[in-house]
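Before anything else, here is the set of structures, which you'll find just below.
Okay, so subunit A shows up in both of these, paired with subunit B first and subunit C after.
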Partner chain A sequence: MKRLRLDRWTGQLLLARPGASPASTPRAALRAAAAVPSRCAAVRSQSTGAAVPQIPREDVDDYYDGTDHTRFPPLEPLPPRATSLPSPPPERALQSAKLAALHARLSLPERLPLQTLARALVDASADENPQFNNTTLAFVGQSLINYHVAEWVMCRYPRLPMDIMYATMKGYAGASSLHHVARAWGVEHAAAPGGEVDPGLLQFSLHKPGDAIVGLGYRRAEADGMKKYKWRHGMSSRVVFDDDFGEVVDTEDAKDELRLRRDTEYGNEYTRALAEKAFATCARAVTGAIYAHAGRDAAKAFVQAHVLSRTLDLSKLFAFAKPTRELSMLCAREDFEPPVARLLSETGRMSRTPVFVVGIFSGKDKLGEAAGPSLEVARNKAAMNALKSWYLYSPGEGVRVPSDMLADDARPWEPAYIDIGEVVGR
Partner chain B sequence: MTVRAVKQISIGRNGVGSFILQCKKMDFHYCDWAGSSKGMNGFIKSLLPKFAASHPQVEFSVSPRPSKHPVIIAQYINGREKAICVRNMEPYEVLKKAELLRDANGEKLRKVTKPVQSINESVRGVWSPYHGNGLRV
Partner chain C sequence: MEAIATRPAVACCRRAASSAPASTRPILNTLPSGARQKSTAARTRRALNIPPHPSFLTQTGNNAEGRPTTDQIIYNPPSSAASVFHTPFKFLPKNDPRRRANLASELFASSATIHFNTNPSSTPSSSSTTAEEFPSIEGAPRYRARHHLAPADIEEMRRLREADPAQNTVQALSARFQCSKLFVMMCCQAPREHRDKVKADLAQTQERWGPRRRAAREERRARMGMVFGGEL
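Now for the complex of A and B:
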C-alpha cells in the first residue's frame, strides 16, 4: 500500500467536510457540479481558469445533497432544543418504531403507554432528573421482583441456609440475571445518551455513573475496612445492613483505578458492570411500570413469566467445608442415629482407576450415596449428597405463596412449612 | 465449617414462561426501475401492509436501493442478521421469504439430529455399573 503524502494533497481534499459535503453521492456530485458550485471548492492560487462566479449563500441549503424531496421526503425534523436535552422528550416516544415493537414484543398491557416505556429506558446516568429517568420505576420494580422471588424461594425450598438463599435470590433477580433478561427482550443501547437519540434505545452513560438509589440497604461505615483488611461480617449483620442479596452496599471510590482506565481500554470490569447495571435497571423499571399502570396481578404474572421461569440448579450452589461433621451435627439435632459410612461396592482397588461407592446410613435409613476414586472422597461426596437432600427439601411444585392470598377468590391460607434454621450458624 | 454459596446465574429458555419473537427488525429494499424488483414492489404495495400490521413486535422499514436487486434483511435478538435476495420473485414468493425470516431464530443453520434438546437433567439418571445385580459375562 502506498503511503499518503500530505504535502501533495490539494486544498480540495483538506477542505472537504465528510458527510456534509454536497458531493457525498455520485449523482448529487454531478448535479452539483453542473448547477451549483460547491461552497467549499478551493480555487488554486496559480489557476488560469476563470473564477467560478459565487452565488449568494442564502438560497443554498447547508445540508442539501440534491435529493428529490418529492420522491424521498425528508426525515421528520427534531423538535427544537432536542439536541440540548439529556434524554429524548416524552412526546417523541409515539414516533419510535423500536419502542412500539418492544412494547408488542413483551406483550405489555395496552394501559402501559409508550411514554412510560420510553422513560423506563433512560438510566439515571443519562438523565439526572428523576422525573425523566427510570430510578423511581426501577425502585418499585426491584422491590416487586425481589419480593416475589424471595417468597417463592422461601416457600418452595424452606430449608435453604441463608447464604444459599441469598445466592438463589441473586441468581434469579441479581443484576447479571436481569441484564440477561433485558438482553433477551431485544433491548438495544444507544452509543451515547442524548435528546436526539431514538427513544426506543436504552440510554446510559459510562462517564458519569448516576448516584440513583434503586435498592434498599445501608452503606456501612466500616465498608472500606471490610474490603481492605477483610474484616469478618457475619450473616446476621448481612441480613440487617446489606442489600437484598446480602452484599455490602458498595462505595464508588473503590473503583477509581478502573474508572481512570475506562477510556484507554476497549472496556473493562468497571464499564461492563455499569452496562450490566443499566440493563438490569431497565428490566426492573419495566416491571415497575407494569405495576404502576396495570396493577399488582399483571406485575406478578410478568415476574413469573420473565424471572421465575428461568432455570437455576440449586444443588450447584452449595460449597461444603466439612460435610461429614455438619451431617453428624444435623443427625444429633434431629435425633437421628449418628451417621455411619459404609462401603457399598468397589472395583479396581489396586488399579490406577479405583471406584468406591459409599453410602451414609443413619440406623437403617440410607441418607446419601456417592461414588469416588478414593474412600475419603466417596465418603465426603456421600455426606454432601445427604446434606443437599436435607437442605433442598421441597413441599412440591405447586406450593402456595403469601401473595396468592391477595386474589379475591383465594382459598383459606394453610401455613407454609417453616424450618427451624441452619444446622451450623455462622 | 459452614456451607458457603457459589454464584450462579439463572438460564432463560425462550418459550418457557414467555415467548419472544427472535426477529426484531426487517428491512425491505427495492428499486423503482429495475425489472428484478417487480415482484418486490407488488409485495410492498399489496401484501406488506397486512404483514406488518399482523406483526407489531417486529420493526419494519422500507427503503429504496436504486440499481440493486431487491433484498430483505432481518435482524435478530442474538445480534445476527440474515439477508435474502428476492430478485425476480412473485409477490407471494417474497411473502414466503419474509415469513421464513420472521420464523428464524437468527442462529446459524445447523442440522438437528436429536428430537429433543434440553438443559434439564435426565429423569432416568445415568447408568451405573456399580448398582443393581450386575451382568454375568
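Now for the complex of A and C:
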C-alpha cells in the first residue's frame, strides 16, 4: 500500500471544531494523539496480578462522563469526554485503521485528509451539528453526481421521455444505487453512533432521522392528498416541484405507522430506507469531499468511475399504454410511411403453444420485431420494441458532454443532438 | 411418417367409438396396427429420439456424419430479435454519421434484406426478401386522417347518431363518412338511454359468466398488462 504523506495534506476542513483540541493540523494531531496519557490504566480483569488502584486526578471531575472504567476498560485510549460526544472527535480519525484502509481502497487523492473522510461518515441523524456531520459535503456531492449523470444521460440518450429520464437518473444516482455503491466500497456501519465509535464506521441513528436537507425540491401542499386520493400529478409539475428524480418530497409524518413498529420488528421498510439514505449520503459526501479538496476533475473522474460505470438496462424501464397507436403517431410526426405489422414466421398455430414472429414495417424498413404467443401480443411487443429503439437512440459510446469543455485543451464544442420531444404526453 | 397415437387421442377415439352409433365403429378398426401407446420407457425414448433438423445436416463444411468440421458456432434456431439499442436506419437523425456509412446498401436493398451466403468463395448472392412478401396481419385498412369533413358533415353525423344510435353505430358512421372510428367518437356521443342500455346488456352478459370464464378473462387482461409493462 502506498504510504500516505501526511505533510502534503491540506487542513481546510480540519478546523471544524476550533479550540476543541490543540490538534488543529495533522502533525499536531499526531503528536497530540501520541501524547494523550491514558486516563486510566487498562485493567485486565482476567489477570492474576493485583489490580492497580485508580487514583482519581484533579481534572477527572471535568472529564468524567459516568463510565466505570474499571469495569469497562476502553479498547484504545480515548480523548477526554469522548463517550459523551455524539460523534468521534476529528483528531481520532488519524488513529483509525478502517478509515486509512477506506482511503487507500478508494484511491482517494492524498490531499483529501482522513479527518474529512471521517466527517463524511457521520450522518446528520447521528450528529445534528452541521459542523461535524456530512450534510454540507453531501449536498455538494449530490449536486455534482446529479449534474454529471444528467448531462451524460441527456447527451447519450437524447430521445428519452422525461419519466424514463427520471427513472434513469434514479437508477444511477438514486439513494438505493448509491447505497449499493457505498456498500461495495466496504463501508460498514456502527450499531449506534457515539464519540467512542471507530471513526471508520458509518454512523447514523434509526431513532431520530434528522432533518438535514440533502436534495432540492419543494414540499407540496397537496402531498398528503396525492398519496391518499391518488391525485394526478403531471410531468410538468414534477419538473417544477419535485426532487431531482421526479419524486414527491415526502414528509416524515407520513411514515408514523412504520416508525412505531421499528423496534418490535427486526427491521422494516422504514429502517431500511433510513439506512439506505445514510449510506447514500455517505457516498455523496465522499464525492463532495473530493471536490472540496482535489477539485473538479477529480470529482468528475470519481463520479464516472463509481456511478456512471454501473450497468443499467434502460430498455427495462419502459412501459406503454397503447404502443401501436404511439408508433402510428410517431410515424405520422416524422413523415414515415404508416407502420404495418407483418407476420415473419410462425409455428404451431393450431397447437397449445404457438409462436408468432411479427415485424413492424414502415415502407420497406423494418422498425421492430418480436415473438409472442398470439398475433396480438407479438404485434404489440414488436411495436414496443420499435418505440424503444426510437427512444433509445444514442449518438455513440464516446459522446461528449458539456463538462468536457472545462478541460484546458478541449476541442471546440459541437452541438449535442437534441430531440424535438416526446411522442405522447404522459 | 411414423404414426404414434398418443394416450389422449386414443382415449378420445375410444370414447367416440363407445358413444358413436354402430355404423361408425368400423372406422376405428381401420387405424393402422402400428398405432401404439408410449406406455414403456423404451417406446418413449424411441419416440423422442428424433434426427437433427436437415438444416444441420446439409450445410457445407460438414463431414460424412453431418458433424461440423470447423469451430464455428451455429445458432439453430437463430438468436433472438435484434437489440433495441441497434437503432433502425429509419430512426437515425439526418446528420448521424451512420446514415452515410450504409447509404449505399440502403439505396439498393431494404433493411429487411436477408443475405444467405451460400458459396463463400463467390460474392453474396442477391437473394433478398422484401417487406411485401410477408403477409400483413393488420385488420381491415383503417381510414387515414384526410381532413375532408366539413362542419356540416359533423353536424349530420351528430344528428344521425342522436336519431338512431342502434342503427348508426360508430362503425357504420365511420364507414359512411370515410373517417376513423376515433374521430366519430370524438365528434358525437350516443344519447344517455342508449349508453345505459348498452351497459345493461353488457352487465347481463357478464352475469351469465361462470367463475372460470371470469377468471380467464381477468388473467388475460393481467397478462396483456404485463406485456405492456415489459414483464412478458
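Odds and ends about this structure:
We take it that the second predicted complex is superposed on the first by the 350 of 426 C-alpha atoms of A that agree within 3 Å, B and C clash if a C-alpha of one lies under 4 Å from a C-alpha of the other, contacts with A are read in each partner's own complex, and residues count from 1 in each chain.
In this section, a residue touches a chain if its C-beta (ideal position, glycine included) is under 8 Å from a C-beta of that chain, and two chains touch if they have at least 3 such contacts.
Quantities reported herein were computed from a predicted structural model and do not represent experimental measurements.
In the superposition on chain A, A:A294 contacts neither subunit B nor subunit C.
Set side by side, subunit B and subunit C differ in how many residues of subunit A they touch, and the one touching more is B. Contacts of A:K170 after superposition on the shared chain: subunit B is touched, whereas subunit C is not. With both structures placed on the common chain, the touch criterion links A:A371 to subunit B and to subunit C. In the superposition on chain A, contact of A:Y417 is made with subunit C only, not with subunit B. Once the two complexes are laid over each other on the shared chain, residue contacts for A:Y393 go to subunit C alone; subunit B is not touched.
Looking at the shared chain after the overlay, A:A273 reaches neither subunit B nor subunit C. After overlaying the two complexes on the shared chain, residue contacts for A:A321 are found with subunit B and with subunit C alike. By the touch criterion stated above, A:L85 is placed in contact with neither subunit B nor subunit C.
On subunit A, the surface touched by subunit B in one complex and the surface touched by subunit C in the other have residues 316, 318-321, 344, 357, 371 in common.
On the subunit A side of its complex with subunit C, the touching residues are 315-316, 318-321, 323, 336, 338, 340-344, 357-359, 361-372, 375, 377, 379-381, 384-386, 388-390, 392-395, 417. Note for the complex: subunit B touches subunit A at residues 1-14, 16-18, 20-21, 24-25, 56-61, 64, 77, 119-121, 128-131. The residues of subunit A lying in touch with subunit B in their complex are 72, 97-98, 100-101, 103-107, 161, 163-164, 166-167, 170-172, 174, 176-177, 180-181, 183-186, 304-306, 308-313, 316-322, 325-326, 344-345, 347, 355, 357, 371, 387, 391, 422, 424-426. Residues 80-93, 95-96, 110-112, 130-131, 134-138, 144, 224, 227-230, 232 of subunit C touch subunit A in their complex.
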